[in-house]
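Next up, some structures in structure tokens.
Same chain, two partners: chain A is paired with chain B first, then with chain C.
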Partner chain A sequence: MSMERYILSRVIQIIIIFFIVMSIIFLLFRVIPSDPTSFLLTPSMTAEAKEAIREQFGLNEPIITQYYLYFKNFFHGNFGNSFYGGRSVMNIIKERMLNSIFLVTTAVILSYIIGITVGKAIAWKRGSKTEKFFVGLGLWFYTMFTPWLGILFLWIFAFKLHLFPLGGMITSEVWIANPSLIEKICDLIHHLILPLITYVVLWFGGYMLLMRNSMLETLREDYIITARAKGLKEKDIRDKHAARNALLPIVTAFAISISFSITGAVLIETVFSWPGIGRTIVEATLRQDYPLVQGAFAIITIVVLIANFMADIAYAYLDPRISY
Partner chain B sequence: MRVKKLSTGLTLLIVFAMLFSTFGCISEKEETPAPTTAAPTTAAPTTAAPTTAAPKVYEGLILPSGEKMAPMEILTLTPGADPTLNQEAVFIAEWWKKIGIDVEAKAMEKGALVQKIYWDRDFDATLWYIGGERFPLYLQYYYCEDEIYQYGWNFMQYRNPEYDSLSSEWLSIFDLDKAQERAFELQEMLAEDNPQIPLISDTKLTAYNNKKWEGWINQYGGVAGFDSMCTIDPVGGDTDNDILKIGLLKEPDTLNPLGTGFTETWTIINKIYCGGMWNPPTALYRYAPVSGELIPFLAEGDIEYDDATNTAIVKLKKGIKWHDGTELTAKDIKFTVDLMKEFEVPNYQDSVGFIDKVETIDDYTLKYYLTNKTVNFYHKTMMMIILQERKWSQIAEGARRKVDPTEYLTQCQITTPMGAGPFKFVEWKRGSYILLEKNPDWFFKDQTLPMGNDKLKYDLKVDKILFKFYASSETRILALKNGDIDICTIPAADIADFEADPDMTILEWGNDWLDFIGFNCTKPPFNDPAFRKALHYLIDKEFLVDKLQQGYAIAQYSVIPAINTFWCNPDCPTYGMGMSMEERIQKAIEILKGAGYTWESES
Partner chain C sequence: MKKKKWKLIRQIWDLIRGSTFIKLGVSIIIIFGIMAVFSPIWVNRNPEIYDPIIGVDPDVHGSEGPSLKHPLGTDYIGKDLFSQLLRGSQIAFILGIMVSVLSTTIGTIVGLVAGYYGRIVDIILMRLADIILTLPRLPLLIVISGIFGTQSNWIILLILSFTFWPTISRVIRSQTLSLRERPFIESAKVSGVGNRRIILRHLAPNVLPITFYYLTVTVTGAILVEAGLSFLGFGDPSNMSWGMMLKWCFTTGYVFKAPYWMIPPGLCISALAFSFYLIGVGLEEIVNPRLKKR
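For the complex of A and B:
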């Protein structure tokens, strides 16, 4: 199969998967035994008023009509308004997703860099105490309960040592006093550091182990022996020959991680009061705010499917051994 | 090789054992305290001598109709959503088991729970909460026949025509003493019939940083209320930039006063707007601080009500300015009433439903024409939101052209709220904070209201209010300790911590909400008042107060929370108070036997 045919079949696959996922999301909300208007009704309303609210949210229409409107609105780029306050879903998602990307994408890139650096170093030193130590450390943090570590860091570094703020994305007192751009950026970074460190400490282990495994496979290859025989420096063999080839599976894993970074990291966002999309989706789900959750999931689905697709194509270009 | 296989096998075995034990634990039902079962006595039945004779064990309650009672469930919220309600349900289920009822407490998610009890009415009993309104209108709408429809408030489906007529008459009694008398009578009727069993009303704790602000007022509804914010003084002298910092757990949904009924949102926007929902502190008339008496605020003098024609004349004070400098006149008030009627705004239907029309006699006088006499006029219409005609007439114009005008009006995104309150809106940084600043031209600045024997001066020493959003209550408490916020409510568990801190002062206040058990009064045996009364005896409210809430609660025998001192009837029958569990069981059995209930086995 040639590249063109492969791309075409993948695109069709993506479209089908997209429709299936969107339908599942739609059905899930209609099937839960719960009613979003239950949060909005107050004792002041009459029977007619309550009925009117249900009309307003389109909950009285037959399911087929709702389903049709759901997709029709989606293709017009109209995700509707949130049930909680009537704000446009697109605006909410844009805002929150940017906040999440700021934190989580940075964290993913940082864990990636640390992970592969440490991974390739310890794979090279196979069997040594350093390797055992880092593998143990990576696994220990990787399996740790996220909120526990987050609250621990908050308590030590923010509450006891007063080095960092107690959460949130900005310091309100700074931002209400007409700060300069530099002050704003410094404040944002100040708030970013603690959740970023928490995230990286928890997740670097994954990349590290992946890189180590990949390296160990590459080290068995014949060209490593050739490189050594040629008299190249150890460091060059490790970095330019082994690591570069070992990176291939990491690249695909990275592409997918980056795409998932737009879903935010709910636990970290909650512990650090970070106004991100992950937390927003959870809160919206608990309030049965259908439009917001549907819109968010739709965007996440699209981004992840496309990122996956790109990763596949990139892989084919990176590794000439692979052909479709 | 063999050793390797053996060790691998052992490891796998251990792993499986661990998994099994974990999943085994989950499949068991929620652990409840084991009920004390007494040793069965001999053939001769024991008479009343609880200290010496071993108590009987009753099993398998049989209804007067002859059939055995079906297993029942008490529906309530999950421990994560509300641990108090959940725990109360668990204990109550254990107590009810003692008279041979098969009962379990069942936790559900809030939306699903509301659907089941309010919409589907498919339940036996539920543990829920009520309150929040200073004038307890729920005393009427929670129990009347008219509210037994799909979204109605009478989910218990209690039918009592005598109660209906007495309670709707109560709504037209303007004389406070007579109204109170009637309200007490109504509460006694409910206490006799027990369609719901009031349980407890918890006592809340608020801690504030006494190095930042002083002069907080502890009154109905809490400490960090409107009156406090307008009158507190900064410790250490008044500057031009005294910022009051409040921590919130829930970001408001909107600044549009027509579209929101959330109490959290109103605690912010009631500083900006005049009038609104949830006991507004700046309306034509308001409840006086602490005493709760109805006094004029934006209005001048008393309402002149003519019983014969059901008309009311209300006078407005002169010189009240909107935040943009224009004057608030009777035109704005008439405009608002007309707007609510035209667009049938859901949240204000009970404020204008009985108003035929309103006229402006002059710029400061209004005449209301009512269709019937009702106290809602005082407690709803006179406390309604007041919108600026200049701003809202444009929005209304736009709304009239839409497919759903009401939706447009109530969901319209207001980015510059126009009010006449003591604080102006400055900025809402989504996800982080809302900033309000002082309105130096507020009409009531530096004026006083009576509070007990004192006077309260609204001198607005607070220059700015900063509402910060926190994702969890633990972080918010850390922020209070750190000085990031100035005041917040704390759980009883943290009280020792805060008492030890000299910078913190703690105030206690009674919650204006109470927990209750509501029965489905159409389903046997819950339709039998004797059955409900017997169940009421079995509930040890003192236990709930002392052990569950560590003493931070009040046992409730009336359906109105005790903190509402004017309306709560202190003389409601106190079923089971002071009785031991054996005495309670005996009393309950006595009532049930008298009503024709029997048991499969009593030993």
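For the complex of A and C:
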């Protein structure tokens, strides 16, 4: 099968998965035991007002029509309005998604770079005390309870030492005063550092261990022995011969890590009151703001699907041995 | 027969002794095991004060620091934090191990069946696994818990297992695919052994090391995800897990004032998750010859 056909078949697969997932979401929200409008309606409301709200959310239509409307609205980017405040769900999600992507991509890239560099180095020193120490450290942080580490950092660096703000993404007083762009960026970075460090500390371990295992397998290959026999420098063998080939499995891990990083984002955003999509889905669910929950969940799923797809393509492109 | 059993126990013992990772992991688990067993003893001395859910100390107002009566202090309404911590270790063990056993069993069976039968069975099962894998786990759990309204640990157990089996089944499947082509399977088929017997007697024992690895690693995942759910407020309100302890500490505003309340539950979650993962890594180093020292 050629590369083009492989990509095409993956695209078709992903579209099918997308429709199945969206249908699952649709069904989930239609089996809600309680009436979703009950959270909108206060007892003082008139019957007409209640009816108008049912009408607005299409709850009077038969289920098939609702299903059709659901997809139609989805492709028009229309997820309805939030039960609270009445803002368009799409606008809320757009804004929150950007905030999340800003935090998560910075964090993933940083932990990726640190993890790979350290992993490479410790695989080379197989069996040494340094290796054992870093493996232990990586494992400990990898299995650490995310919100707890976040709270610890907040307690030490923000509450005790007053180095960083206690949460949020911006200081509104600073932004209202109409500051220069540099001041705005500084304020943003000031808020970003603590959640970012938490993220990187928690996630570099996973990449590091993966890189180490992958390196250890690569180091047993014949071409490493050949490189040694040729008398190449140790550093060149490590960086140019072994590490490049060891990177392959890490690419696939990247896609999985996107899905994991969403779990991390939900928890870290909640601890640091970061106005991202993860915190949005938690708050919306707690308030039973169903249009917002449904929209946020759909968008998160789509992001994960696209990430998986890109990793597949990257992998196929990087490794000529792969049979599609 | 008895001799054989002893030999097996000796073998497991040697395995544990040989690996630093497994030794450390097992030691931590034993500490938490003692905590879980000690829980009813501590509570039953005086359930009215020490019960982790309904017990309240009438002499305490607000959260107070550690004392002789309450070794870890009390929470915002005067409940004993030490008994909550002990109860939490029971829940973490029960939930973690049950999720792990359930999802590893399903994952292994699905992987074996998909890999052995191939064709349409394989396609259907693996696409199903793909779909579940692409669903973001924590948001999915949040949404499901939100929809069911009243959460119970049983629902959490079921949906956790539901999201954990696909990873395992994919690995087992790829292993089965390569095993299927080996001569001993061929000869079993030729001599007329039934499909079910081939899977149970010839394939299953060969994938067992992987199953054991996932058995331990899944406990870690389950403990962390359950704690995360409880921390976010989607836990079983009729019980007190570690995640929920941290949640109450966080939401009642004691998080920076009461380190005696904030530190223990998070430390316990991390340590227990760590210990099961260590055993998994130790097993991996033994089973995967490619990771052994040159």
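Operating definition for what follows: the second predicted complex is superposed on the first by the 308 of 324 C-alpha atoms of A that agree within 3 Å, B and C clash if a C-alpha of one lies under 4 Å from a C-alpha of the other, contacts with A are read in each partner's own complex, and residues count from 1 in each chain.
In this section, a contact is a pair of C-beta atoms (placed from the backbone, for glycine too) under 8 Å apart; a residue touches a chain by one contact, two chains touch by 3 or more.
The structure presented is a predicted model; accordingly, all values stated were derived computationally and were not measured.
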Partners on chain A (chain B, chain C) - clash or fit: clash
Which of chain B and chain C A:Gly168 touches, first, second, both or neither: first
Contacts of A:Glu269 with chain B and chain C, given as first, second, both or neither: first
Contacts of A:Ile176 with chain B and chain C, given as first, second, both or neither: first
First (chain B), second (chain C), both or neither touched by A:Asn99: first
First (chain B), second (chain C), both or neither touched by A:Gln288: both
Which of chain B and chain C A:Gly86 touches, first, second, both or neither: first
Which of chain B and chain C A:Leu194 touches, first, second, both or neither: neither
Which of chain B and chain C A:Glu48 touches, first, second, both or neither: first
Partner chain in contact with A:Asn308 - chain B first, chain C second, else both or neither: second
Against chain B, colliding segment of chain C, chosen among 20-28, 92-100 or 128-136: 92-100
Residues of chain A at both interfaces, chain B in one complex, chain C in the other: 32-34, 151, 154-155, 159, 270-271, 286, 288
Chain A residues touching chain C - in the complex, by the definition given at the top: 13, 17, 20-21, 24, 28-29, 31-34, 126-127, 132, 135, 139-140, 142-149, 151-152, 154-155, 159, 213, 216-217, 219-220, 259, 262-263, 266-267, 270-271, 278, 281-282, 285-286, 288, 293, 296-297, 300-301, 304-305, 308
Complex interface listing, chain C residues touching chain A: 20, 127, 130-131, 133-140, 142-149, 220, 224-225, 227-228, 231-234, 243, 246, 250, 255-256, 259, 262-263, 265-267, 269-270, 273-274, 277-278, 281, 290-291, 293-294
Residues on chain B engaged by chain A in the complex (per definition of touch): 109-112, 114-116, 118-119, 133, 137-138, 141, 149, 151-153, 243, 245, 252-254, 256, 259-261, 277, 344, 346-351, 353, 380, 404, 406-407, 410-413, 426-427, 429-433, 435, 464, 466, 468-472, 474-475, 478-479, 481-482, 484
Residues of chain A that touch chain B when the two form their complex: 32-36, 38-53, 55-56, 81, 84-87, 95-96, 99, 151, 154-155, 158-159, 162, 165-170, 172-173, 175-176, 269-275, 279, 286-288
